[in-house]
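When the chains are written out, they are named A, B and C in that same order, and each has its own residue count from 1.
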Amino acid sequence: MKSQPVDIRQLACERDQRELFEDLSLHLEPGDVLQVAGPNGSGKTSLLRILAGLLPAAAGDVRYGEDSIFVGAGRDLWRQNRLYIGHAPAVKGALSAEENLSWLCALSKPVSRELIWQALQRVGLHGFEDVPCDHLSAGQQRRVALARLYLEVHPVWILDEPFTAIDRGGVSTLEAHVMAHAASGGIVVLTTHHSLDHLSGLRCLDLGQVT
Amino acid sequence: MLQIIWLLFCREWRLAWRRPGQLLNPLVFFAIVISLFPLAVGPEPSMLRTMAPGVIWVAALLATLLSLDGLFRSDYEDGSLEQWVLSPHPLSLMVLVKVLHHWMVCGLALVVLSPLFGLMLSLPVKVLPALVLSLLLGTPVLSLLGAVGAALTVGLKSGGVLLALLILPLYIPVLILGTGAVEAALQGLPVAGYALWLGCLAVLALSLSPVAIAAGLRIGVSE
Amino acid sequence: MNWTFFHKLGSPKSFYDISGRWLPWIAVASFILLTVGTVWGLVFAPQDYQQGNSFRIIYIHVPAAFVAQSCYMMLAVAGIVTLVWRMKLADVALRCAAPIGAWMTFIALVTGAIWGKPTWGTYWVWDARLTSMLILLFLYFGIIALSQAISNRDTSAKATAVLAIVGLVNIPIIKYSVDWWNTLHQPATFKLTEKPAMPVEMWFPLLLMVLGFYALFTVSLLMRMRLEVLRREHKTRWVRDALEKVR
């Protein structure tokens, strides 16, 4: 699904009285995959959370298409078009993988059971659909969270350390899926400690150099 | 929009009944607190009758408050709360459904149990409908106000004591009206006025508190 | 309204400078008002017809009660400013004013109890006014406890702001329900703040004391805010320059 361009203008972030970065400007076109890099504490997660809309920016603006993502109609449009998957997998232990996924998708648009089973199969959880998630390992719970990437039709993905606890096979599948999404007109912003040098066409933002 | 309300309600219901033991805790707490009073002040029926409206109401207040403490915490810790805040659906509506579900499994259960304890504290049978009505109208207010406190303290592990400190002063009007209704019934006076005032508070809480709860959750998530 | 003045006031540095200039004047005014009011009220004002000399405690009780209530309103307004305009100084004001308000409430409660002793025979009675004051004290404690419990300063500022606003909305409801509760349980109509036609010699010193207490509150608040501003901005140049000047 084709995304609109994302324009970051003079964005500044302040956490707990400390300025993490300021005057950050960047333009993302559909098809871009942006890797945000930098040392610990440089504001990678904070930048992603500001983009997602969880954290207010200290200064500056971000535009999706024409409108600002922080106010009014632009904010509503952004909420419908972006998918954020953070550190915590948002998976409830008492519910099964299928129930968790069904609820997470329903937060934007409900999805049928068949599609959920297909998505779980694609992340390698075939046979675990009705297992309560507290019986799954950390890596498996993360796969349940990432199964949303195979289900929902958001053009913009914001992923914070998506490869954590995923094994090598899973990592390459996910990398391929991310590149395919970008190729079809989406935008992906992610942070990771994994090396992504082998992927072509990746843009990189190093927050260690911005400040 | 109705679909998300229904799905949310089902989710909460499923989560609650997968851990059924936890549903009993507030009710047992309610029973224990009420039982402390005859032990503390003596079993003389006329004294218990005078104290009964206050004791039952205070016990209901404390039981509701303590059960609300963790209302949002597990969602906050596993990241589900973030996804609620990020969703295009209105957050105030979603929290309202969540709090009402909590009221159904906690407050409503207290309402159903209250006649039993009323009798145990020597309340005459004719007073019990007033007791039930006052709790029926008052416990939603308790749940809604308590949820405001739960939202503001969602990132803290400190637990019930801070929540009690924040919210108990706000419970005082409901307490006064609720016990007033039962005492009026004890004296044979009409209860309708109290019920209407309690209803007013309930409507006020229903309309205003979801906004405060949503604000508190957004603040908690933005840490 | 001159918005530039408002915005300038929002910057910590200009707040520090402006408050530094006004502080001595307000301090002097508060000293004069309080001294004159206290001496006049406690020594020179005529005895009350019913209560004799014990009523003189109102010269402390009433101003403290006024300040305690206005301070809470100020907290809620500061809360709104924090949430809507995200002015950091409003959060500083909220955090510094809360303990002062709590102390004022405490003084009002203690003086109310002292007033009660010769009149009712006991130090504490659950009448509408004292009970409302006690609840106000609990509300203050709630705000102080919440602001200290959350370690992240931005989150703490916003959460405390929401709590202050929620408290303010509830205060009229609490006040009316406590008044009603009082009439239900105590048919006696004696009120602590009965102010029938008071002669000028009685209410004028009261007015002076009220103004003096407000001035005292302002002085304490500004001093605490200045200290907090210095603490928060300790890394900036202007703070280092200011501290250099003091040394």
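Observations, loosely collected:
Rule of thumb we're sticking to: contacts are C-beta pairs under 8 Å (C-beta built on N, C-alpha and C of every residue); 3 or more make two chains touch, one makes a residue touch a chain.
Everything numeric in this text was worked out from a predicted model, so none of it was measured.
Between the interfaces B-C and A-C, more contacting C-beta pairs are found at B-C.
Centroid distances from chain C, each centroid being the mean of CA atoms, peak for A. Each chain gets one centre point, the mean of its Cα atoms, and the points for chain A and chain B are 37 Å apart. Chain B and chain C have Cα centroids separated by 32 Å. Between chain A and chain C the centroid-to-centroid distance comes to 48 Å (mean Cα coordinates, whole Å). Multi-chain contact residues of chain B (touching two or more other chains): 222.
In chain A, the residues that reach two or more other chains under the touch definition are 56.
With touch defined as above, residues shared between interfaces to two or more other chains in chain C number as follows: 152, 154. Taken together, the chain C residues at the contact with chain A in this complex read 86, 152-154, 232.
Within the complex formed with chain C, the chain A residues making contact are 14-17, 56.
Touching chain B in their complex are the following residues of chain A: 49, 52-56, 76, 79-80, 84, 86-95, 99, 102-104, 106-108, 110, 132. By the touch criterion given at the top, residues 148, 152-153, 155-156, 158, 162, 165-166, 168-170, 172-173, 176-177, 180, 183, 201, 208, 212, 215-216, 219-220, 222-223 of chain B touch chain C in their complex. On the side of chain C, the complex with chain B involves touching residues 83, 135, 138-139, 141-142, 145-146, 149-150, 152, 154-155, 158-159, 162-163, 165-167, 169-170, 173-174, 176-178, 180-181, 184.
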